[in-house]
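Have a look at these structures, which come just after this line.
Across the two complexes that follow, chain A remains constant while its partner is chain B and subsequently chain C.
What follows is the complex of A and B.
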């Protein structure tokens, strides 16, 4: 059961404030990395919602995010202004996730993982082959949103806008987990037999949870399209989803704040290590195994345990 | 198509042993296959193709055994296995890049298998014939071991009910170790055999994993004949799909995986009990 403990709220606030301060005082690169962290954190948060609280470990989240990004890009290129186009992207992701969730909800564990892998790869392969979607080359020339008083093409403005979106998604995620639906969703995972005996429909609840998570992934997709102003099938391939899962595990699954800690830590490590080595994935692999051997609670779990002791 | 199916079978047979029989979700299977190819090329440069065909699977099998003893046997439940083996993929790919670089390497097929042979009235490339025969030999050997030997019976008992198997004197620990090492060695064998056709590159770790998973799942886990059937189905979809409906062939294969998982879960019951 999810609890918004003081340490979790404090960690989330600290990460958000630190990133905001870094992008205000930092250079162009700091602002770009902040936007990247915020977008990845939203996607990891979406995965945490289903994987951490519903036991539905998905390898389709990259593809679902990609559907949101392509939905925004296509709507925008067809002449729709950014905000309605964003709605199109988010609805497309939610619908995609809803369908995948409805079909896959009866599978659990590693079989759920593999069926989401199959659906994600189907979406990737379709996009890759579709000439109307730009195929392998992707789509460019995507607009950023119009914001009141400021220009979203300014890297600082976009970084802060992305952080605000992350905050909104974080609050939404907490609200969902604390709602009666969120309690049912977690109950269905913790004890399916008892939840079913109480009259819950486990499969429908799991599918709905997956759709909500896909909505968050859609937000990340729209933001990614706005940030890069370019979309390509690279977003959707299953290894992208695998990377999101790795970030979630490193950050700490099932804690909500782990998503932010993981995304920030992962991208900072990536940009820092990329400066002097080509082989930083070696460290990621070793860290992943270390986290799994340590019990799988990740960086944020480490923080919480230290406080408990 | 037969040649493609036989190659798929060789690549998948190792996974059908570790994943299908033992229920170990080994995402590092593709990485072991890649290691087989690279080690095979290194050995072949010194001692020729036939030595590589023998030594590379042994080395990869030993590596698999070491990994199992040192790390993987401590993991309980499928999710830690998925994650730790995914971590191993990262590590193996980077180590191979450090040791061998990013350039794809090729392996010369041996002289005796270089030309083509006259079979059933058609000329067929000898190396492809060799792959088909080797695939058949592995399938038959595996089938006999799993379904017709006391070793296979002990293994199936150990998977079904480990506590009971131990109680009647089966050493489940060393049995699982041997099984995992066999799966790794088969992955290594697949790597060596594929190297002359596909050339060795670091993308293999990922690109071989998905077809192997699909073959194992479609065929029904824990069943050797299922794996053969799975390899034939996947090869048919890939080969005929690419010829008849190229835009959809990549989608079809994943659709087949999803359909197998959703509509034929009875094929998966073998590992559900202890997953």
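What follows is the complex of A and C.
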């Protein structure tokens, strides 16, 4: 059962404040990386909701996020202003996730993994080959949203906007987990037999949880499209989903705040290591092994345990 | 001695105090395309070294051939490093990704590989100049040439992605305009086709006179070997856009590639003084290897930039304006930029892959002089 402990709240606040401070005082690249971290953190948060609390390890989240990004891009390119277009993107992701969830909710473990992988690959392949979607060349010329008083094309403004969105998603995630639905969702995972005996419909609850998670992935997709002002099937390829899973495990699965710690740690390590070697994946791999061997609770888990001891 | 010194002093004083030019190299340093990126960089640095200028700073940025990464790097080069000009871009997806950024920021980009027609067509920009090729530029003349050779029916094969679709589309347009007919074709799953047998069987069953394909990378090697193994050689000669048997793959293809006819914008055996000098210089620095068409593209990107700087252009806007006006005879022949699209105007060489005493080589069959793309919807701002 999820508890927003003091240390979790403090970690989340600390990461958000540190990132905001870094982008205010940092250079152009710092602001770009902050926006990247915020977007990845939202996507990891979405995956944590289903994988960490519902036991549904999905390999379709990259593709679901991509649907949101393409939904936003297509709606915007068709002439819709950014905010309604964002709604289109989020609805598209939620609907896609709803369908995938409804079909695969009865499966568990490796079977669930395989079915989501298949769905993700189908979405990727369709996009990759579709001439109308630009194929592998992607779509460009996407607008950023109009914000009151500030210009979202300013990297600093966009970084802070992305951090605000991350905070909103974080609060939404906590609210969902604390709601009666959230309790049922976790109960269905923790003890399916007892949950069924209490009259819950496990499949429906799992499918609904998957749709909510897909909605968050859609927010990440819309933000990614706004950030890059460009979308391509690269967003949806299954290794992108795998990367999200790696970041989740790195940060700490089932802890909510782990998403932020993982995303920040992963991208900072990537940009720092890529500066001096083409083999930065190796550094990430070694860190992942170390984190898993140290108890599998991720970077945020290590932090928490230190305090408990 | 004194007079020499004085002359030197005078020469130094006479030189304009030009500001340094910062070049951002947007090339894949890791991943599938790393070898191409290295070739382009070698060529580019070769041009700079020949000119002997020390007022050009080069900053490398690894695009990983991924559009998102390429875009992040391009933005960094423009915003943080204040690059005056960007050079490179191997993948068309990366080009599509950075197009709006360079156009919006007004930074000239010299494209050294990516061949997507749209970049100098509907999506053209006064800030994007291409010195490599466009997909149509190579495929359309090949279609026209094949029709002129009296070939009446062709079956086509290509990987199912944007470039594959575009290449076959341009070929079909050229071939059918010349009076030929494409009787059938198949787009094979991109990057996942290991067994071309079923497609070769379909091609054979179509009864077409010839087979026209586009494949690159590992596909190029396995396709040519399977075509050879399938025994289609006698019934259906193989034509392709020249990348199929490019120097990069020919060593692995061996005798299986014998007789394949293709079209490319550069061949290392071109018999011109400019090319001879270029090949000799490259071989001296690279252990006798022949330069690929990618080295030439990098080299010409450098020559184009140097040509623009020699006119006294300084800073982004002036360089962007000077780039399309540069023209010279280079390794691949006469080279100029079409002011209507900023795409290169160049010869396209039709060649046969042959086996000679030294191993595999090429024989020039025909030259399509100064091939120029139609504007394809490109409208340059006045």
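Keep this in mind: the second predicted complex is superposed on the first by the 309 of 309 C-alpha atoms of A that agree within 3 Å, B and C clash if a C-alpha of one lies under 4 Å from a C-alpha of the other, contacts with A are read in each partner's own complex, and residues count from 1 in each chain.
Basically, a contact is a pair of C-beta atoms (placed from the backbone, for glycine too) under 8 Å apart; a residue touches a chain by one contact, two chains touch by 3 or more.
Keep in mind that this is a model prediction, so the values were computed, not measured.
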* Clash or fit: how do chain B and chain C relate after the overlay on chain A? -> fit
* Go through the superposed model and pick first if A:141 touches only chain B, second if only chain C, both, or neither. => second
* Look at A:229 in the shared chain and tell me whether it touches chain B only, chain C only, both, or neither; answer first, second, both or neither. => second
* Looking at the overlay, does A:282 come into contact with chain B only (first), chain C only (second), both, or neither? -> first
* **Partner chain in contact with A:113 - chain B first, chain C second, else both or neither** => first
* Asked: Which partner does A:151 reach: the first (chain B), the second (chain C), both, or neither?
  -> neither
* Asked: What is the contact status of A:129 with respect to chain B (first) and chain C (second): first, second, both, or neither?
  -> both
* Of chain B and chain C, which one touches more residues of chain A? -> B
* To do: Report for A:190: first if it touches chain B alone, second if chain C alone, otherwise both or neither.
  => neither
* **Partner chain in contact with A:104 - chain B first, chain C second, else both or neither** => first
* Asked: Looking at the superposed set of three chains, what is the minimum CA distance between chain B and chain C in Å?
  -> 5
* Asked: Which parts of chain A are touched by chain B and by chain C alike?
  -> 128-129, 278
* Can you check the complex and tell me which residues of chain A touch chain B? => 57, 103-104, 106-107, 109-111, 113-115, 117-119, 121-122, 125-126, 128-129, 238-239, 242, 245-246, 249, 278-279, 281-282, 284-289, 291-293, 296
* State the interface residues of chain A toward chain C in the complex, per the touch definition above. => 27-29, 32, 36, 128-129, 131, 134-138, 140-141, 155, 228-230, 232, 234-235, 274, 278
* To do: Provide the residue numbers of chain C that touch chain A in the complex, in ascending order.
  => 29-30, 62, 66-68, 71-72, 75-76, 79-80, 92-93, 95-97, 99-101, 116, 118, 123, 160-163, 165, 190
* To do: Report the residues of chain B in contact with chain A in the complex, numbered from low to high.
  => 25, 71, 74-75, 78-80, 82-84, 86-91, 93-95, 97-98, 206, 210, 213, 217, 247-248, 250-251, 254-255, 257-258, 261-262, 265, 268, 272, 275
